[in-house]
Every structure is written in structure tokens, then in C-alpha cells.
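Chains: A, B, C and D, in written order; residue numbering restarts at 1 for each.
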Amino acid sequence: MGTERLRVGLIGLGRLGRMYGQYLAQRVPGAVLAAVADHKAANAEAFARDFNVPRHYVEHGALLDDRSIDAVVVVSSTHTHKQVVLDAAAAGKAIFCEKPISLTLDGAREMIRAVEKSGVFFQMAFQRRFDLGYQAARRKVQEGAIGEPMMFTSISRDPYAPPIEFCNPKVSGGMISDMGVHDFDIARVFMGDVRRVHALGATLAYEEMKPIGDIDNAIIDLVFENGTLGVVQLSRKSVFGYDIRGEIWGTKGSIEIGYYRQTPILMLNAEGVSHDAVPYFMERFENAYLAQINDFVDHVQKALPPSVTGADAEAALRISLAANLSRQEQRPVELSEITN
Amino acid sequence: MGTERLRVGLIGLGRLGRMYGQYLAQRVPGAVLAAVADHKAANAEAFARDFNVPRHYVEHGALLDDRSIDAVVVVSSTHTHKQVVLDAAAAGKAIFCEKPISLTLDGAREMIRAVEKSGVFFQMAFQRRFDLGYQAARRKVQEGAIGEPMMFTSISRDPYAPPIEFCNPKVSGGMISDMGVHDFDIARVFMGDVRRVHALGATLAYEEMKPIGDIDNAIIDLVFENGTLGVVQLSRKSVFGYDIRGEIWGTKGSIEIGYYRQTPILMLNAEGVSHDAVPYFMERFENAYLAQINDFVDHVQKALPPSVTGADAEAALRISLAANLSRQEQRPVELSEITN
Amino acid sequence: MGTERLRVGLIGLGRLGRMYGQYLAQRVPGAVLAAVADHKAANAEAFARDFNVPRHYVEHGALLDDRSIDAVVVVSSTHTHKQVVLDAAAAGKAIFCEKPISLTLDGAREMIRAVEKSGVFFQMAFQRRFDLGYQAARRKVQEGAIGEPMMFTSISRDPYAPPIEFCNPKVSGGMISDMGVHDFDIARVFMGDVRRVHALGATLAYEEMKPIGDIDNAIIDLVFENGTLGVVQLSRKSVFGYDIRGEIWGTKGSIEIGYYRQTPILMLNAEGVSHDAVPYFMERFENAYLAQINDFVDHVQKALPPSVTGADAEAALRISLAANLSRQEQRPVELSEITN
Amino acid sequence: MGTERLRVGLIGLGRLGRMYGQYLAQRVPGAVLAAVADHKAANAEAFARDFNVPRHYVEHGALLDDRSIDAVVVVSSTHTHKQVVLDAAAAGKAIFCEKPISLTLDGAREMIRAVEKSGVFFQMAFQRRFDLGYQAARRKVQEGAIGEPMMFTSISRDPYAPPIEFCNPKVSGGMISDMGVHDFDIARVFMGDVRRVHALGATLAYEEMKPIGDIDNAIIDLVFENGTLGVVQLSRKSVFGYDIRGEIWGTKGSIEIGYYRQTPILMLNAEGVSHDAVPYFMERFENAYLAQINDFVDHVQKALPPSVTGADAEAALRISLAANLSRQEQRPVELSEITN
């Protein structure tokens, strides 16, 4: 230890923001949660009081003016990411930015350029990369345990849909962008860049998705640059809980990632054999979120390069945009078609 | 019991033919294996001797001339199916025909017309329909246990590729037809007819597939007539064994079908926890094949309609053809495009 | 093949007897079911009609008089085993005898002596030895996969108690004898002979067991001659189905044997994740019973020594008797104490 | 929050002590780790430096003299527990004491009396009670999900033996006491008090245990006061990792507790299907240890009664002593026989 603890400001206190805030306040030994900001003053005040955070703000700019703060964790709404990141880069803060970086390629690129120009540390959030399962799988693949990967499968199913306003493609980018970006990022980790996509979508569980133009189930095929194949399945309706799984299929074996059971008990009764399932992402990825924020603090402190870059975020965004276009135009889309 | 046992002639003594032959000789109480035919005389003779089959032939026509025979099980090469079925229909025999019915829609239709005209009983083989897992899943879906099905997933992976001559698309129709037809049939059982397909294929495991124009891995998306979605994954290279799985994803739950373990033991040692896997289709579907052939015998004897019809075979074939076209032309294909 | 089929007579048409009868009639290629006998004439007649068995009898003696019969399968009530086996030995038939051989050591010994004197082939039923799981485990142990076995665990739990008349220790020997004999036999297969036992019993599920002096739950400890340890758990009340499991615990690893799931589907819905369980012994050990009866036929035809001997049955019986004594006297019992 | 954080002193910096220390320093929001003590000065100094602990001591007495300290966590060697607890009680500190409370009933009673007399808060460590699996099982049993519990099973197997000096019964009480006390405690949680035990032990894995008079494998039967039964299996040699499992067997169902897999991946390759296992207790019970120490802090702060009492520790100790006696004398032992 010995190092000075990193003084972190947290911007955005939604559900995910409060989770990061709690981790930073209590479970990240290398960091001090020095300030929080939320556009709702009451949120910021309450959180600061509950977790003994010295300062709280309404405007992110006020937090950035705080000279004692070394780094910011950006968990505000996606549409605010660009301005917050540009301002934080200008203020010379190290930046951790929740996904998605932006809803548009132009927005993402502007952020990346600003970060590069200012020279600040910039790390993107893709917590799945920090999950023990995905990490162990990556290690196995690198060791050659399954030979050459041939096919990639990824399934992401949420227990229920977010509020309809959020589902609106103009707000969240729609289901393929909002959910699929995790699968597209992890696809790149295992298989490399994507050349072409084909996407199907359907509205089968929530009638209210139709007026806003979004879907609740999707299948997205991926053709990777190296000629291998992938498929991503998404759903907004998984009544038993949070269903996150994947498979790396190789010439000498396969790795399946994920699990269903949350609590280590098995019930055996007249109805048969049963167990519970993982409720949602905080239960499934608690350790991954924690590892991810520790990784950010650690890399800033040790001046190591970021584990997840802006370019990674841009690449995953581009796949999302191509998949959306494919679904709309009912045709395969080359990634090279997506220019902004 | 009481009913006279059905006198069955078996045509074709390849690997699958010998399996049916053994079942008919020893494990199908309602049937007597009265004769076998194979274009290699030695095969027919040896099998007849080993299993006490009274008569054996080289030509299927000779077997069909045997007036004492009530029904035929057709397991000869696919390219011979049409002639054998036409001849068997003309001879008034009840017919059980191994899949695929034919490599062309025209061929399939000619067979179906001949059967209809002659009025003989005609049943197609799709053993997966008779597997306890798929049957239990079907029952659960019918009971509403998972609400409305939204997405269908099916995975078929063979432990190794068949001989390269068989892989040739001109002989077997290629991997998508040869393997995928089982998935397409079961897709129809759960989700209804298919409207559109999109297929991707790649040659990643067997270099020798390239000259003959076939692939060894594929992803095929399905859009069903009712607007739901499906995806089929195929591979010719599953080093751990035979990997057959499926999922029916619904508004109120999901059903996963299949299993990995063959032998009910679990090894726990310094390498971790492990078990064996299902080697191949005879181990995985032994009971399904047996149930299927019993079902045929039973339906003939009781004059019930066939469990799997020529129209079912034609529909699955059409999906295969559409998927092959989609893969070649790199575009979604409507099933209505496939006319011959 | 080529060998003449073994002509088998079946004595006893209770639940297990009808199962053997069906197998012999339809699924044992090397045998012909030539006759059945049951002390209820209607049973014998109905079975013979349903399965095309040429002859049927009320008295086992009449069946034994049938000179065309080579071998008998004895599945009559345990208290009749001795007389039937003595008579069958006198008649020179090969004998397959369902477990338990007898309720007393004296009875068992008299049977064994009679068989030895007559020189007929005599094989005992312990179907668990023919289960693929136990066989695979045995192979693994022999290969050294778990080093030296140190501890043996066996669990046998029935879905419900048999009729109370059968539970009576005077009829069935009581739960420890009736159920545990399978575990004691398989214990010997893996660990060798038993030196000492300690048994606990309790009546916790069925009040009606108390008047007849039997129990419905038991724990039996085993100390083997080689100094290793074992424990058997028995219960007459497993509401989810038939729970048969075991473990061989060794210096270099462990093997667990058994499984819960009957049908290869997994339900995922609002209640969690669930599957069915194995209902009862016919489902769990169908293949083992079939393999066992085929093994008997095969060994008789090839003049091989029996796979399970009378001495095996005597040894398992002795453990049962010691365990019953231990439970009654609340003390460990040396096997050498059990002399009759 | 709002409450003042509890100022905790930690006594003993062995493996378990360092784990508690790290938790108290970084992951227990309600506590401040104010001081550490270890009889090796270098240990105390290094730990204090690494985790920013303000004060460090060699003698526990010096730590107890620190008036600013509210509570102590006692993780020193078992033979020191008594003196430390007596001194801490005299100093008026709240006390958390690692198991086992003592190696003798007399010692335990003296500690309990001292605590009672002083009126300080005293909580024993039995982390398994705080594991999500055992807690969920308890909830299910209380809800009646399995009817009336009939049989209790508990398996504890360590990946390797501790240093031989520690195995010495005079130091650790021997395997049955050292390991089994967890099983005996959890047995009481589910089934109530124990009336009689029978224990078997064997030295099968480590020849070096013999001279010191300890064993490496054991089976302990339990008869509970309410007439139900239990069995505990212990082993010092589990080559695949840490094997902690249990089962509560009831009239309407059963609950199995525990799991093998550590990382959520499944390998499928030419060797079959495999996954890793849980290495040892820190991985298996990390969350339980953390929950336990949080529970202690929380109960002290809220003046709630302790979750695990000295009487609980005494009861578990008594079972251990009875089991050891039973093993030595090769006879069942009534708990009432154990008076000191």
C-alpha cells in the first residue's frame, strides 16, 4: 500500500451510480469517495450523508472545480456523457465512464479526441470483462484449451424491461444497443473485430414497445474479420431472473460461461428438483463491478494503460449501430457501412 | 397384443439400417423382421444370418415382390429414396422412410403424390420428435408452462464429420441440409411454419471441405410465420461428443432440452470435477429411434394417421434449401422463393 | 449368434416378476420365455396370453417338470426361495434367484449347499452391479483414478413404503435387510468384506411401522476388513422419487454415482429452475435389470461362472443381520458374531 | 448509519486473523480497525503498516488497556482463548471469539461464567451459520418446505491436513473436534440438541498421524433429542478442493446445501466435461466470514443479543468430546456422560 488513496468524485446517482458510490465508499481500499454530484440535489445530499461523503454537488462542473479530486466516475445519463467527459478531460481528471460511451459514433469520436488531446487517463466500463467466468474462459482460450475458436455464442436476458421512456431508441439506443453492447464487447475480446452483422428483432412480450419503435427479443449474427461466426440472443423478458451465458466453441473443445443458481441449495420435493436463479445484474456481477472499479483506481495510481479504451467502446457501438440498421433494412450490414 | 405381428422388410443396411434391423429383430414386439435387402449381397446375407432373418435380397424390388411383407423401412441412400418409395407404394406396402426424404423439392413432391395416389401408409423419420426430452418439452409448452414461445434455439453438433464423399452437397445436400433438417423439423413442431431464413456458414475445422463446396459450422436464423424468432447452430466438429440441445424461450419461462452426461458418475480429482459426454446419436437417441419404429408399427397396425408426414419432410427440406441459398447469396431468403 | 436360445421358465409374477417376464419375452435375444408360473392361476394365464408364452402353471414344481426348460428365473416371495431353489437344483435347471436369497443364514447356506451338490449354475440378482454408473465407477477405481478408497457412502431412499404386511420384519426382514442389502452388496464390491457394523434406526414417517417393529429411516456404519470406513443411509420416504446415490472417496479423488434427473429438460420459470426426478427403481435401473438378465442367459450359454454368487448373497445377508442386531442392542456388532 | 463506528481491536494475526483484519480494515462499514496484537511483533507491525491500523501491540493485555477500543476479535491460538477472554471481559470489551471456544468443557464454562459475570457482549464464531446456503436452507425448513426433518447429513473435507503439530489432539483437539465442531454446530441449528453419538475413525491418508494419535477420516452418527438421526463425514484429504455439503432430509422433501464449482465456466473437450472446484474455506466462506463479523459489529452497536452464544459453543464442544470418546472406546456415547 503506502500509495496515497485516489480521491474520486462520482457523477450520477441512479441505480448504478449508487452501487459504484457504495463500493467506492466502503470496498475500494485504494480510493476515497471525496464528492458526489447528481442533478437532483436531494439525491446527492442523502447519499453524502449516508456514506459520509465530505462534499456533494448538483452540477458536475462544480465537482470538477474541486481541485482535490483526482478522478471521476461518470454514471450520469448516456446523453450527458459527452459533455461531462469533455469537461472532465479539460479539468485534467482521470475518467471512468459507464457504458455506452455515446449513442452516436460522432459523439464517441469527439470524446475520444478530447481525451487524447488532454492526455488524461480514460477507461470505459465493460464489467463483464472483469467477471471471473469470462476471465477464466479467456485464460483457457489463450492457453489453447479449446484449440481455435470457431463460433461465439452470447445470451443476455433481462428479468424485465426498463421504464418505457428509457427503452425509447432515442434515449437508450434501443434494446440491441443498450443490452447487446455488452455481448458485442465480449465478442471482440474472444474473437476479434466484426466484419458483418445480421439482426432480427421482434416485439413479443411488451405491446407498449411498438409505438416507440423498439423490440424485446433479438438475434444478431456476427461474422468476424477472421472468418469465424457468432450469434447473440437478447430478450427483455426472462421471468426466472437474469440469464447471462456464453459459449466459445473451438476446434479442440468448448467453454460455456455462466450459471443459473444464486443460492447454493437444491430443493427436492414432490414438485421435483429445483433451485433459485440469479435475480439481476447486481447479484450476478457484483464482484465484476467491484473488480472493475478497483482496476480503474489501480491503473490510475500505477499509471498503467486503461484496461478498456475509448476505441473499445467505439467498436462495440459500431456493431450496435450496424445491427440496428440490419434489423430495420432486413439485410446483412457490413461494419464498413457504418460511418457515423 | 393379440394382433398379428407386422411383417417388415428393411431396405438398406448401412449404420442406421443395421440399427433399425437390430431393433426390428429384437426389440419391437409388434413386428417381425421378415426380410432385408442391401445392394451389397454380403451385407444382406451376414445380417440375415446374425439376426435370424428368414430372407435377404440384393434388389429392393425383389423384397417388394415378397407378398408376405406388409411394410418396408427405407434406410437406403438418399438418392435412392424416390425410386424405392415409388416402387413400395406401387407394391402397396406401408412405408417408413428415413430422412431426408429427398435432396430436391421436386423429388419429394413426386414421392408424396405417388404415396397419396396409392393410398399406402407413409411415415417419415424424425427421431428427435420421439425423444423423451423433446416430448416432455412439447407437453409443457402445450400446458402453457412457459406462456407464449418467443424464441427457439437448437444446437446440433456432431463429434466428427462423415466421410468426405458423403459431405459433398450433391450427395448429402451439405451440412445444413444433412444435419439442420432435424433442427428445422423440431422448430416447426414448437413454433410452426417458417417464413424467412438467414444463414451463415464457415469452413473452420476441415480444410478438405473447401474443394467440395461445403462448410463445417453454420448459424441459421429463422423468422416464423407467427413473427417469433429462432436460431440454429450447427457444427461438424464437437470433440467431446454429440452435442444436441435446444431451448424454447417463452413469455412466462423457458425450457432447456438436452444433456451432456452419458454415465451417471462424477469424477472429483486433482484436475477438478468432470464427467463423460454423450458419444454420438445412437447413445443419445437410442430410445427415440426405438420409440419411432414402434410408433410406425403401431400406427400401421391400428390404421392411425402417420405421426410424421411427407408434408413435414417437404417443409423441413424447403427450409434447408432456403438456408443453403441464403448462405450462398449472403442475404435473407423468403421461403416463398423456394419453388423447386 | 448361432447358439440355441436358452429356454427359460419364470417363477413368480409380482411386479418384479412381470418386469423380468416382459424382458425375457421381448428384449433378451438369447432367451425364449418358455413358461411362467404363479400361485395365482389368473396371473399366470393372463401373462402367458399377453406375451405369447407357450405354457403357464400354478405350481413351480409343474414348471420344473417341463423337460424342455433349461433355466429358471426365481422371483417368487422370499420365503419360498429356498424350496424353489432346492427343487430347481434337483431338477437340474440353471437358476437365477432374485434377492434376498433368504431371511436367515441357515436358509441361505442350505440353498448354497444344494446348488453346489447338484452342480447347477446359480446366479444371484444384484442389479446395481449391472448399472452403467456403478460399473463405470468400478472401472475407474480399478484404474487407480481415485487412489486408494478410504470411505464408502451409499444412499437408498424409496419414494414410499411397501404395503405394511411386507414391511413386517418377519416377511421382508425389515427395512435394513430389504433395502440395505443392495448397499451392503455394492459396498463389498468396492471395499471388500465388512468386519463391524453400527446401525441406528428411527420411525419418523410412518406411525404404522411401530406396531410391527420396523423403522423407516436408518444409518448404518461399516468398518471394512481393510480398515476403511463406510456409511449407508436408508429411508422409506423420499417424496420426490427414488434417490439412489453413492460415493467412493479415495486418497487421490472421489467418484460420485447416481443422478436425480429423469427427463432431459430443465424448466426455468417464475418459481426458479427445476426438473423432474427418477420415480422409482424400474426407471432408474431398467437397463441394469435388462443387463443382469442378459448376463445370466449369456453366462449359462457360455458355461461361464456366475457374476454374482450365493456366497455374495450370504455375505450381504450377514451384514444385514448384524446391522439389525446393532440397531436393537444399540452397540457395534462384529460380523463374526453372526453365526446363524 | 449515523452511529459512531465501533472501534475494534484484533488479537491474533494468523491466517484467519489476517483475513478478519483485512475485512475489518476495508469491508466492515460499521467498524474501525483501531489496533492489532500478535505475539510476534513483526507480524503486528507489518499488518498495521499495510492496512493503516493506528496501533499495534505484542501483548493482548496492552491492547485491552487501550481505553478507546470498544470490542475485540479473538483469533489467537485456541489454548490462549481462555486467558484473552477473561482479560477482555474484565476490561469490559465486547468480545468476538473464534471457534473452538476451548478444548475442555471446564475451560469453556469458566469463560462463559466470566463473561456472564462481567456482563460484556460475547459472540462465538460459527461462520457456516452466516453462509447464504445454510441460511436459505434454514428459512426453507422453517417455512415447512420439507415437512419434518428426519435425517441430517453433513460432509466436511479439507483439501489437505494442517501442520502435524496442529493435528496433535492436545493442540487442536484432533480432527473430530477441529473440523467436526462446525458440523455439530450446524446440526444443532437444524435438528436441536444431540443425545447420543457413535464415531468411527481411521488413519488412511497420512501415516504421520498415527504417532500423534489422530485420524484423517471419520464418520460420526448423531441421535438427536427429538429422535431424529444424523451423520457427519470428515476427511483431511480432499484432493480436488474443499468439500462442504449437507442435507436436511424431511417428510415432505429434502434440501441439499453446498456446491462444487468455483468459477462459472464449464470445459468441454476430448477428456469430457469438467469444471474447477472450491479450493478452500476462504473462497467458500468469504461472504459468510464477512457477514459474521458485520453481524457482530451490528449486534454490539444495536445492543442486540449475540447470534451465537457461549452455550452454543459449549454444546458443540460436548458433542466433539463425546465423539472422540466413542471412537476410542468403540461404543455409542450418551452426551450426558460428558461432564468435563
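Everything below uses one rule, namely that contacts are C-beta pairs under 8 Å (C-beta built on N, C-alpha and C of every residue); 3 or more make two chains touch, one makes a residue touch a chain.
Model, not experiment: these values are computed from the prediction.
Undergrad: Using mean Cα positions as chain centres, tell me which chain lies farthest from chain B.
TA: D
Undergrad: Is the C-beta contact count larger for A-D or for A-C?
TA: Pair with the higher count of C-beta contacts: A-D.
Undergrad: Rounded to a whole Å, what is the gap between the Cα centroids of chain C and chain D?
TA: 42
Undergrad: So, what's the distance in Å between the C-alpha centres of chain D and chain A?
TA: It comes to 39 Å between the two C-alpha centres.
Undergrad: When the C-alpha atoms of chain A and chain C are each averaged to a single point, how far apart are the two points in Å?
TA: Averaging C-alpha atoms per chain gives centres 58 Å apart.
Undergrad: Listing for chain B: what residues touch at least two other chains?
TA: 239-240, 243, 252-254, 261, 268-270, 276
Undergrad: Which chain C residues qualify as touching chain D in the complex?
TA: Of all residues in chain C, those touching chain D are 147-148, 150-151, 153, 157, 198, 200-202, 204-205, 217-219, 221, 223, 227-231, 233, 235, 237-240, 243, 249, 251-254, 330-332.
Undergrad: Which stretch or stretches of chain C touch chain B in the complex?
TA: Residues 1, 25-27, 29, 49-52, 131-133, 136-137, 140, 145-146, 252-259, 261, 263-270, 276 of chain C touch chain B in their complex.
Undergrad: Within the complex, which stretch of chain B touches chain D?
TA: Residue positions touching the partner: 239-240, 243, 260-261, 268-277.
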